[in-house]
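Next come two complexes built around chain A: one with chain B, the other with chain C.
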Partner chain A sequence: MVETKVKNTLFINGNEVEFSNERNLLEVIQKTGIEIPTFCYRPDLTLYGACRMCVVEVEGRGVQASCTMPPESGLKVKTNTERIRRVRKVSLELLLSNHDRECTTCERSGDCELQILSNKYDVKDLRFEKLEEMAEVDDSNPSLIRDSNKCILCGACIRACTEVQGKSVLSFSNRGSKTVCAPAYGSKLEDVDCVYCGQCAAVCPTGALAIKSDVDKVFEAINNDNKTVIVQIAPAVRVALGEQFNIPSGENVIGIMAAALRRAGIDKVFDTSFSADVTIMEEGTELIGRLKSNEKLPLFTSCCPAWVRHAEQNHKNFLNNLSSAKSPQQMFGALAKDVLCKEYNVEPKDLVVVSIMPCTAKKAEAVRPEFSENGVQEVDIVLTTQEVFKLIQSAGVNISKLAPEEMDQPFGEYSGAGVIFGASGGVAEAALRTAYEVVTGKTLENVNFEDARGLNTLKEFSVDLDGKKIKLAIINTLAEADRVIDKINKGEAHYDVIEVMACPGGCIGGAGQPVSCKDRLIKGNRKDGLYKADAKMKLQKSHENPSVKTLYEKHLGEPNGEKAHHLLHTEYEERDIWNVED
Partner chain B sequence: MMNKIAVDMIKEQEKSKEYIKQMGTRVLVCAGTGCVANGSLDVVKKFEELGANVAMKEEKVTTIKTGCHGFCENGVLVMIPEKNVTYVKVKVEDVKDIVEKHLKNGEIVERLLYRDPQNGKIQQGNSDISFYAQQTRTSLDNCGHLNPEDIRESIANSTYLALDKALKELSPEDVCNIITESGLKGRGGGGFPTGRKWTFVRIAEGDKKYVICNGDEGDPGAFMDRSLMEGDPHRVIEGMALAAYAVGADEGYIYVRAEYPLAIERLRKAIADAEEYGLLGSQILGTKFNFKLHIKEGAGAFVCGEETALIASIEGERGMPRPKPPFPANKGLFDKPTLINNVETFANVPGIMLNGAEWFQSLGTEGSAGTKTFALTGEVNNTGLIEVPMGTPLRKIIFDIGGGVRNNKKFKAVQIGGPSGGCLTEEHLDLPLDYASLLKAGAMVGSGGLVVLNEDTCIVEVARFFMNFTQNESCGKCVPCREGTKNMLRILEKIVEGKAELSDLDILEELALAVKDGSLCGLGKTAPNPVLSTLKYFKDEYLAHIEGKRCPAGVCDAFKKIVIAEDLCKGCSKCARTCPVEAIEGKVKQPYKIEQNKCVKCGACLSSCPFNAIKEV
Partner chain C sequence: MVATKQSLTSEQKSELDRILKEYDYKKSNLIAVLQKVQELYRYLPEEALTYVSVKMNLSPASVFGVATFYSQFSLNPKGKFEIKVCDGTACHVRGSMPVYNAIKKKVGLTGDKITTDCLRFSVETVSCLGACGLAPVVMINDKVYPKMTSDAMTIVLDELMKEDV
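For the complex of A and B:
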């Protein structure tokens, strides 16, 4: 049937509104400047339609959920009628009645969507009694807290775990009002195949899945005169922290951060981009070696702890293919406890290395037993971007009064290659910048490998290294990693280098970053911010970083040499995905 | 095995009629679930045992296990249509009489005939028995009249003729148009025009399409679909095959709850037989039409009767509804265009195709064509399965077909449409039962449960019962249904426990409206109906519980009080010794007393008293 082409418009509260490629009525309404409340709607996940907060009245069709309704010409939509307000307000009241309302002590207090909406809708009088019993809180792991007393069953975590990571650690159990969202058989996250990526917490509207806070540990260290407290700041943090201070996403606030952290009592402020450069030296050398011997290819990157854990659980046949190089966080820790301890003349146990990461899995990585020497962990405390915001705030630092400051040296000098580690494709691009020059002996004029960039979950391209063509796959999200590895296992695909980051878009989309699940543009802005920072730098290749050169000359010797291997490389172990005894 | 592939159903029908003829006298014993529970299988066995002897002497007698006859109140039912005789409440020991007197000597066994409870007059056969005589059976036409496990009996009764005709003479579009013209609407509760639904699926783009039969009948007290599947499975299969042809599907599922083992067994047999006859499978009736049919057993979740939850369940997912759009017609089972209709809807299709759209329209009212089956239960004399034209007034159903309220009690209300429906009162007795009228009265046709309530029924308790049902069956996905029904139930519990306040009624109503408007699927959207309709028609009864602290029907335990009449009590202490909670105290030879705060109203003392001194007030 051919329909005559008419202008696509519909009416919202009587106003005619044009629409084109909006995916649902909700997006059209929001475009007009009207906020529609939602819990379960997450633009990057599949539609679920369960919270019913986004209901609107559509003439002739009654009350409809705007998230699941496609826009149609001529629809007459009302967004705030008596019926709509009743559904929303009663739903909020019902949810609150059944909710653990210890709001003040909740991790999400202040940015809990249930709290905010209940306040907006003036839900004051709770007329219903709590009918369900309190459930046990799971805080068994270093990264995440799961508290089903705060769960509103919006299913966002389940969709994130399944659709983004392909893990399905969480799912619904039981029925009706007894429904809970939990790992199989109510197990603890620690005992199942959770990789601590935290994408569940990143989409949770309440504190049902929250990041475990380690802020107090930092203050304890700061206030202990025997301790020297240093921080390393991961690349992706600098383009996201600003959001919490109402600075536009993507803006690089690294200088302000350095200033604020010093005011908060941190002794030295360093940059993980430095150890990212070191990672390139180690991993790049390893890659060149493997390409020469044509062994253990494809080489998988190993910077992302969620991916490493996933590989240990699910892709055991490729564990030898993972780069043995530690992640930049752990390299920094290992170097700090060796080089800086000597320089500062302090015992490793008295040098407190604090990582500021966009990532929840880094907390779990830091406590892995192999990342310790004589009982002292390489990295002592890991804070996420969200936590460092709290740290700065609770230290009473007012950033509006601060001027940007420089990083401390020597571990504060970094190349642009180290900075782009924070975006999907950045590690591969940084490695190529170095590998190209090492292999060909020529200068790489254009350092930009555009094919590696962008938010697509899979990017594939080839690079010519002096006649040798190498094929790369850049992957973000574990669901995509599973699809690609499945193809490799079936012999349907072949690569030399595969970069895997678990979070959407890479570390910029890490679960430790400020909550961004409702805005589809934020990840792109952060990514652009990193590449902008790289473009501004004179130093864009890891192997040209003077501090890195000095490090090898004075302390490490050759990349992949004996000392470097001891400090900067690791091994992987096969892991069960199910630790629950029968 | 001989090749049985059918290519011409008219010839097949002739053959099958011959087959039926050689059976001689047919003794039809109801083997629907109800009668089976009453021992009908033993009755069949007895007939077979004794019937063989008869055959030697006289003409041949064949005993046949049929599907539900419908008059469940009077099971086990034995019908001998040859002489228009229906025997009721037949026991194994009665079989000898029927064989000796009726089958051997042609004498009717009067004591086993049905007597009109009003005037005591004998009603000999189905054409006389008022329960049957006032019905119009079209989709239940064959139900009870044939052996559902023998495809030849169905073929003899015109089954698959319509399919033959459609495949050879009509285009899929023609079939859709005939269904549209007939005015058939979905019989599962929603009442969506069937022809339109078929057309949506027919024009939907897709390399693969499915047809699903929704046999997940779950309303308390409803058994229409079960009876159809058990009693005439081939009619349902033919309806599905016609639908598949009309929409361009080549694969189908019948979704039946596992609690219907007999229906599943008979459907399995029917599918296997139809495949053997080439009426299912590839190149059906020698045409290019292919249709593969499967049975999917459901685990019995009520919500799986909701079409998107049902689809999820077939896919192996959790049985939870999905938002619509996309509608199943465009993106259904395994994301393919899918037609999903209820059992009774499919059962209506062969009749329409055979007799024409006009015939079907002539049966009902404007806007509600055809007939509707109902499961008539509760406080009515003739409980059972009935079929009447759409628009039949309630009065006719309850008093003429149903024989009035049991034990000459006063009619109070009828609960129609199960947990999604509402209560209708005396003022609605002349309301025509059709989609529009019922909706206007705050009820719905639903799948067809009719529960008659008498003056001894507490209407608040009825609302609580249904709310308890929906609350238990809520899948837990959307907030209003999951949390709202729970709290509505809590308020209703408070009312029947005598703990509610007047303000609770306002909260109850507010919740009901929010749940109705806000819920994701039909279960939640209709869950408040029993509350809203009873609040509308029986508000005084709610108020009596809340303000008067009494239950007008005398049902709710909280308002009951058991007392010992001082003047009658001889102080024998028997009641005190009987009481399980030691609520009765006193001294021997002096009047005893019940401590009301301890009494659990179990009533044990009532029957223990030799002097009738204990009374419930």
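For the complex of A and C:
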């Protein structure tokens, strides 16, 4: 019998187009190379259908939102008729009617979707008067700015906070024209259980939720002759910054970045992958100790500041299970203010440590009071990937004229294990590479732990460590973390090691990265970029890093030793924001 | 007396627990739970909302969203006498606004304020009480006052003030 495959086709602007498993008409249209404007549509979040920008004309059915319409055989769709253009334009006009239109001073000026679309649709005459009453802007926290005067109520932030992080810090309140998207009781973000992961800002089409910029602080330090300004660059930044310069996502631009930052006036450039290697020395030693004594298991990783804050708020029964090792950012800061200050002969207060992170929560981590010594913070300024792009541009550096450069010494070497910290599973894989060799005394020939890799929010696998079976869970997103912890609390699951990263896919999907919420492929490209960088390196194990070896020999002594513990470990505190018990 | 933010007493908590238990802590019963809580306090205090959300495993922001969406809920303390002046079409054309203004003047409310400082009277307009044949209608707590005028309203309020010393 001959099987005949019935083709599903529909017509877009007169052209017959095949479709199969596309979730909505919008995806089918996009496949044909036609861009449909959207605000509320975010492919990684649930459908909402609120903004009405993606409307198309469907023969016999009138004007329809293409994001919520399933594709059907034989549909005749037109995407750019006069009627459609008018509907979209009126929608834009209405959105702009109660929008704070001070574009030039907006954080998102230039990449604001409302600004871009208004320009594309040639919105010139606004028939509606501008809003008069302005709501207060919330810039109380170090990471994010919430400005409801710029909110278009697309609800993407609410969906991200609920679906990705399981937190629902934001919600719609009030009704009709008084609707706002806000935390409970109209509070400021710092007064509620926000963990500053910034996933709300990562999906915001306008400047209603934006990253708080610290670019000026860096220039002030650069232009102050008394200050030595150094940067550390986090692993995930190198495979994403290029996107802002129209370099494909996933391409490693670390060398060019180092060159550009030096041209911008930065004195020394380092790689956080180095302190990620140090993290493995500390956390790995901690893990081996806990496995031996069978105490405080599962060990939870503590590199992700959004996860740490979330654990402090919601999972206080596991705070002792969190690795006491500081995050790579803070380890680098602590080491810089101690070792580098001696090396360069500068006072800690005159060494300005700038972190370049894919992350908004890192800004909040850096100002935590415990991360300071004699009133000097370990990390002085945190810039996100988006901000470092601004910094390079603002300094007038033309990257097309630059050749890649190396990192500075003495923290100049880093391993591939440190580099993969930027992807979900990377920390666990890096720890396994070292733990295996330390525990078994054998050489690990194949360093790739494929089970740890990938964008799935939960990856579970076991490894054999010298006859002992270790069970691991690799988690990204806090919603997934809550689900797994719930199972552990009920006794339905057991693990020895749990890696948690708050952002989808790990740090590569951090909210400080260039906006990628419209393209589902970008995170995968960035992840592949990191593993490719790792595979290319001779040095793939943290404990073999000569800079790390020298550091311990010259300055720290043993991992988890007294000096190491003082500089590289921390404690956690309960932060039960909504505590209703006595 | 102004309501200040404070933590709930153990009696208040057990009353809230009773309500929550009655509704099985089910998320789908949130509106019913909030109605009961409002019966208890005559409004929805923040602390009670937070308590309810934590116990029902909902985020306070979501519960606040529901509480602010429906006009039946109030986030501010209501007076002992809740006066609802119907301003539906029928009542409006029959002169509900002069009645409304007379009430506000009588109880001493100006501007956007809906509750007197002594927490005795709250005055609000509502869209329709479904008694258009009796327009203009005023409701005080559960009692309906039909075919109201400013003068009649003043007499009613005088009576209430005398009763409630």
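Keep in mind that, in the parts below, the second predicted complex is superposed on the first by the 570 of 582 C-alpha atoms of A that agree within 3 Å, B and C clash if a C-alpha of one lies under 4 Å from a C-alpha of the other, contacts with A are read in each partner's own complex, and residues count from 1 in each chain.
In the analysis below, contacts are C-beta pairs under 8 Å (C-beta built on N, C-alpha and C of every residue); 3 or more make two chains touch, one makes a residue touch a chain.
Model, not experiment: these values are computed from the prediction.
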First, second, both or neither for A:Leu95, with chain B first and chain C second: first
Looking at the overlay, does A:Tyr185 come into contact with chain B only (first), chain C only (second), both, or neither? second
Partner chain(s) touched by A:Phe172 [first = chain B, second = chain C, both, neither]: both
Which superposed partner A:Val367 touches (first chain B, second chain C, both, neither): neither
In the superposed arrangement, does A:Trp578 touch chain B (first), chain C (second), both or neither? second
Once chain A of both complexes is superposed, is A:Ile116 in touch with chain B (first), chain C (second), both, or neither? neither
Comparing chain C with chain B, which touches more residues belonging to chain A? B
Partner chain(s) touched by A:Ile152 [first = chain B, second = chain C, both, neither]: first
Chain A residues contacting chain B in one complex and chain C in the other 172, 174-175
Would you tell me which residues of chain B are touching chain A in their complex? 301, 318, 320, 322-325, 471-480, 482-487, 490, 507, 510-511, 513-514, 517-520
Contact set on chain A toward chain B in their complex: 47-53, 55, 62-63, 65, 67-70, 83, 86-87, 90-91, 94-95, 97-98, 127-129, 131, 152-153, 155, 172, 174-179
Of all residues in chain A, which touch chain C in the complex? 162, 167-175, 182-185, 192, 578, 580, 582
Residue ranges of chain C in contact with chain A within the complex: 8, 10, 13, 46, 49-51, 53-55, 58-65, 68-69, 71
